[in-house]
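Below are two complexes that have chain A in common, paired first with chain B and then with chain C.
Up next is the complex of A and B:
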């Protein structure tokens, strides 16, 4: 019964928190640009608007299936990502499993965009996958370092280990260099400037979104909510001690995303190859130093 | 045996008889109208016998003997099949069954020399049976030679670039055979015989230098077949340009014979404990560390070479080389988890790689090309082939819900648990490259713009789509319930003398984080169902637009404009790693070519210059070296 509640609650909570994260990102951007910013319910209005559109253009079965894979992949990921009070199925699939489940929606999106037969979409996916290769190299170094340091890949255990001695036993305190590299990779993962090569509005007509309209676009919007939530929660779980309860937990998640959205607005966009070079040089280098410290310890 | 056999035949005898009969019959009648179905029937029978053997082994039969006997140099050679050999045999007969099924219908009929293809396939199975059931070192050597030549016969049938590559392969294989022969001589010198037990008994008395020699000779000799770096250059062209079903068979199991022989020689005979004791002085680097790093490089470098390919077959075979690295690396971790992961990957890889290769050849069958720059949009024309390829690439990329994820998960996990960070990172980085590469494969063939000349193409016939869909289905089922495949792996692991990995139907329970694929896949499928519900229930009805009713950048796109983004699919990445590729890989290939040429010339010169004192000198020096080695330098 608890499990059933977990299965339903975890994706729902993720969606609601994700909406709030999207709102925060937009408000922060508005403040930097000295605008008022959107009202509180704007993300909800956006989704309703997209789903309610009259024409819903589909580019074949794979296009539709992609939307299902996209939602299904993230719903699954949320169920394997433990949060305060809700462990879900985290005992049956560990951090490595979660990382690979998170690639299922990426793959779904890529297949869907590909079947739209729009070159801008394909270029967007080419760049998105290239970016993934760029930021995931430092990210796997961080993950391997963290797992070796904690001695487990079980996310519930990782949270418990960090909560034993308060902030002093948080991953960010025991392996600060690795945590810093993780933050850089996380920023790349969110696809924000200067790493937003695959959205690139004026360059490739927003890439993967080119042929998406109506509820297809709406699903991408929902995906963005899930993505912000998942990335923020995963970082919090790995380095910021998770949370004993939601009161301590949510501010950490928002802080992780806040750092990213606050920084992003002052940057332009890198070229694709520069993203790779930067990611493989700085975050990877820093992560390797952090890994070396973990191994020496 | 669940059924009685005449003339005191064992099941291994029966299998050998079937394989031998198949070789002769198919060579004679392979071109006949029903020749393909005869082949499927014979290979199906061989598969059934193999499965029956597995039941015997699972019931505690130990090893299955054969009545085949041969006396060489006063030594009696015998053939017996244990769990390890059986595991690889199951893959062999299974792969042969699916290959012949694929060839049985339309595909076989349009081949010019179907009987050669059927005949060489059956010959390969026969030689592999001999290799896998070798009961001593000499039997192993004989089997190894047969397997090499049988594979060679299969590769040269198409002519062209495959033949070129096959010659290169033969060069490496002969060098490998020489290494193996030298190793056997070393063992014979120390143990006084060719028997596996004799070798094991002689091991404690061998000097460190001798053990290092054996390690290097076995690893080098058998590594060639696995195309371990730096002997990797032959495999991709040789396997790619071999026709369809033969190519799938070569990809799925041929290179695995190298892995079998490596496991047999290094793990079963020499043993992990002895290997761990072999260290480079002053460094603490163990012999297995060296091999693990070779495996890691094999995992990463060929994967990124695959990413640069423009031929679908080459892309897949380069990945095949990389995947071999995962298997070897998993086994070298030497924990029950790592070994099970490595062996499970052998099984999983065979299923999805065969499905992939067969799907690509189905595309070639219909369109006449495997050039990734000249295809596109075939999803609407060949949907079943698309499904097989999609499931295959998810397996190859190692993502849930397919089986490739489970074995790779076990390998990552084993590396992390044994605290080998750099090797773990190499394993992860190899997988990342694979994801990019397989997306390019499916995108360039099946997604994007359909070419005008492909508008009327039909789906491949059922005789071709069914085998690949069944293979993809096996990949899904063993991903959902990996316990099924792990039970098969147990046979091999027990025969290797490695402790078994406790598992259940859905995966493994470990103190450091478990995996239960029943939950992972169940939830994933359920959640995709929820996604479907959201998609269909919420929002307005969808309206399907035709592909040619599309526009980009303000222009309507029509069929006569080629706009499929396929050429140089990852330009940004190519700009970064392209120079490394050209600089490092191409230079290495050139270097190896020059090395082979120079050493060839050198030996040619030596043989031609009938200069007896030189021979005497070389033999004397080698003899002294030999005596020094056997006498125990470094011990």
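Up next is the complex of A and C:
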């Protein structure tokens, strides 16, 4: 019964926190550009408006299924991601499972966009998968390093290890080099500038989202909430000690996303091959150094 | 057996039949809520053909910041709610505007920006420009002026929001209800060969917006195109779809 409540609550919490993260991202961007920014409920207005469109264009069964894969992938990821008070299925899965599940949404998006037959969409999704190839290499190295350091892949254990020793045993303190590489990879994972190759509104008209309208676009907006939440929570769990309760936990999640959002506004956009070159050179190199240090210790 | 109550045959039992949808409180609340959200989240597709585009950067960036009332730019017609026609339209660009407009999902709104979209403006005697935008696609609002200032752009957005919030910004329905008239005007410019990939009539049927003006003598020409396309098509040529008119 507790498990059932967890399974329902965890995605809901993720969605609400995700809405706040989206709001924060837009507000921070506005402040940096010296604007006022959107009102408090703007993310909700956007999603309701998109779902309330009176006509919808579907591009076939695969297009509809892709949206299910997209949201399903992230909802599954939320269930495996322990947060204060809610463990869900975290005991039965581990970090490796989570990394696998987090690839499902992007693959789902690829299938759906393929059936739209829009060249901008196809270019966008090929770039998205290329970007995934770029940021997943340092990310996997970081995760392997963290697992070796903690001696376990179980997320609940990882949180406990960090909480028993206080901030001195947080991942960010015991393996700072890996944590830094993880932050860079996280930034690429969020698809923010300079790694925004697959959205690129002025170049390929938002890529995978080109043909998405109405409720499909709404689902993508929901996905964005989940994406920010998942990436922020995963980083917090691995390197910032999780949290005893939501009061300590949420500021950390917001801080991780804030760093990414604050940095993104000063950059332009890399070319696709530059993204791969940069990601495989710097974050991967730093992560390998961190991994070596962890293994020597 | 005597019956004192007079029975009047063929008399309706109530004054008027109440529409089932009209009675649903839940439905009305939801519609109201949706309109509330629609009015506060407007994605704009800037169709920057004319000189009006230069007034938009100050409108959306730090000087006037339209995002604080929920207006943000979008880059494809599929995602957009508002088609903002910034300036004059030549006959050639009007074709692209109509293609973009038909790809947008309802409820959708069209705003004409500058005098050129109202009466031709300074291009009033040009052979190559369109004089009145609302003859070709239904428009929800216009901004007079050459150029209108960003304040005027903001004002038309705020007026449109009020209309949407009250559920009155329904010009997009007019395109379905009077498609024949709009198509006739379009054909007068582009010739009888004019047709778009979107099957507006099928959409009107599917979503229940068929009116007296949906079909007419101009849409019959469209049907002729479709019949022609099907006659010349190879055997495995697909049937006319529900949404898309299949033409070579």
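Note that in this section the second predicted complex is superposed on the first by the 297 of 297 C-alpha atoms of A that agree within 3 Å, B and C clash if a C-alpha of one lies under 4 Å from a C-alpha of the other, contacts with A are read in each partner's own complex, and residues count from 1 in each chain.
One rule holds in what follows: a contact is a pair of C-beta atoms (placed from the backbone, for glycine too) under 8 Å apart; a residue touches a chain by one contact, two chains touch by 3 or more.
Computed from a predicted structure; not experimentally measured.
Asks: Go through the superposed model and pick first if A:14 touches only chain B, second if only chain C, both, or neither.
Replies: neither
Asks: Can A:172 be said to touch chain B (first), chain C (second), both, or neither?
Replies: neither
Asks: Can you tell me whether chain B or chain C touches more residues on chain A?
Replies: The partner making contact with more of chain A's residues is B.
Asks: For A:96, is the partner it touches chain B (first), chain C (second), both, or none of the two (neither)?
Replies: Touch partner of A:96: chain B, not chain C.
Asks: Return first, second, both or neither, reflecting whether A:45 touches chain B, chain C, both chains, or no partner chain.
Replies: second
Asks: With both complexes overlaid on chain A, does A:253 touch chain B (first), chain C (second), both or neither?
Replies: In the superposition, A:253 contacts neither chain B nor chain C.
Asks: Going by the contact rule set out at the top, does A:201 touch chain B (first), chain C (second), both, or neither?
Replies: After superposition on chain A, A:201 lies in contact with chain C alone.
Asks: Which of the two partners, first being chain B and second being chain C, lies in contact with A:133: first, second, both, or neither?
Replies: In the superposed model, A:133 contacts chain B only, not chain C.
Asks: Is A:57 touching anything from chain B or chain C once the two structures are fitted on A? First, second, both or neither.
Replies: In the superposition, A:57 touches chain B and chain C alike.
Asks: Does chain B (first) or chain C (second) touch A:142, or do both, or does neither?
Replies: Touch status of A:142: no partner.
Asks: Enumerate the residues of chain A that count as touching chain B in its complex and touching chain C in the other.
Replies: Shared contact residues on chain A (touching chain B in one complex, chain C in the other): 52-57, 120, 205, 210-211, 214.
Asks: Which residues of chain C touch chain A in the complex?
Replies: Where chain C meets chain A, its residues are 33-34, 37-38, 40-41, 61-62, 65, 67-70, 72, 75-76, 78-79, 81, 104-107, 203, 207, 243.
Asks: Inside the complex, what are the residues of chain B that reach chain A?
Replies: Per the touch definition, chain B meets chain A at residues 377, 379-380, 390, 394, 397-400, 405, 409, 412-413, 416, 419, 421, 424-425, 428-429, 432-433, 435-436, 439, 442-443, 447-450, 506, 511-516, 519-520, 523-532, 534-535, 538-545, 547, 550, 552-553, 563-566, 569-573, 575-576.
Asks: If we count contacts the way the header does, which residues on chain A are in touch with chain C in the complex?
Replies: Going by the criterion above, the answer is residues 26, 30, 33-39, 41-42, 44-46, 48-49, 52-57, 120, 201-202, 205-206, 209-214, 217.
Asks: Under the definition above, what is the set of chain A residues touching chain B in their complex?
Replies: Listed in rising order, the residues are 7, 11, 50-60, 62, 64, 67-73, 75-76, 79-80, 89, 91-97, 100-101, 103-104, 107, 110-111, 114-120, 122-123, 125-127, 129-130, 132-133, 136-137, 140-141, 143-145, 147-148, 151-154, 157, 197, 205, 210-211, 214-215, 218-219, 271-273, 275-277, 280, 291, 294-295.
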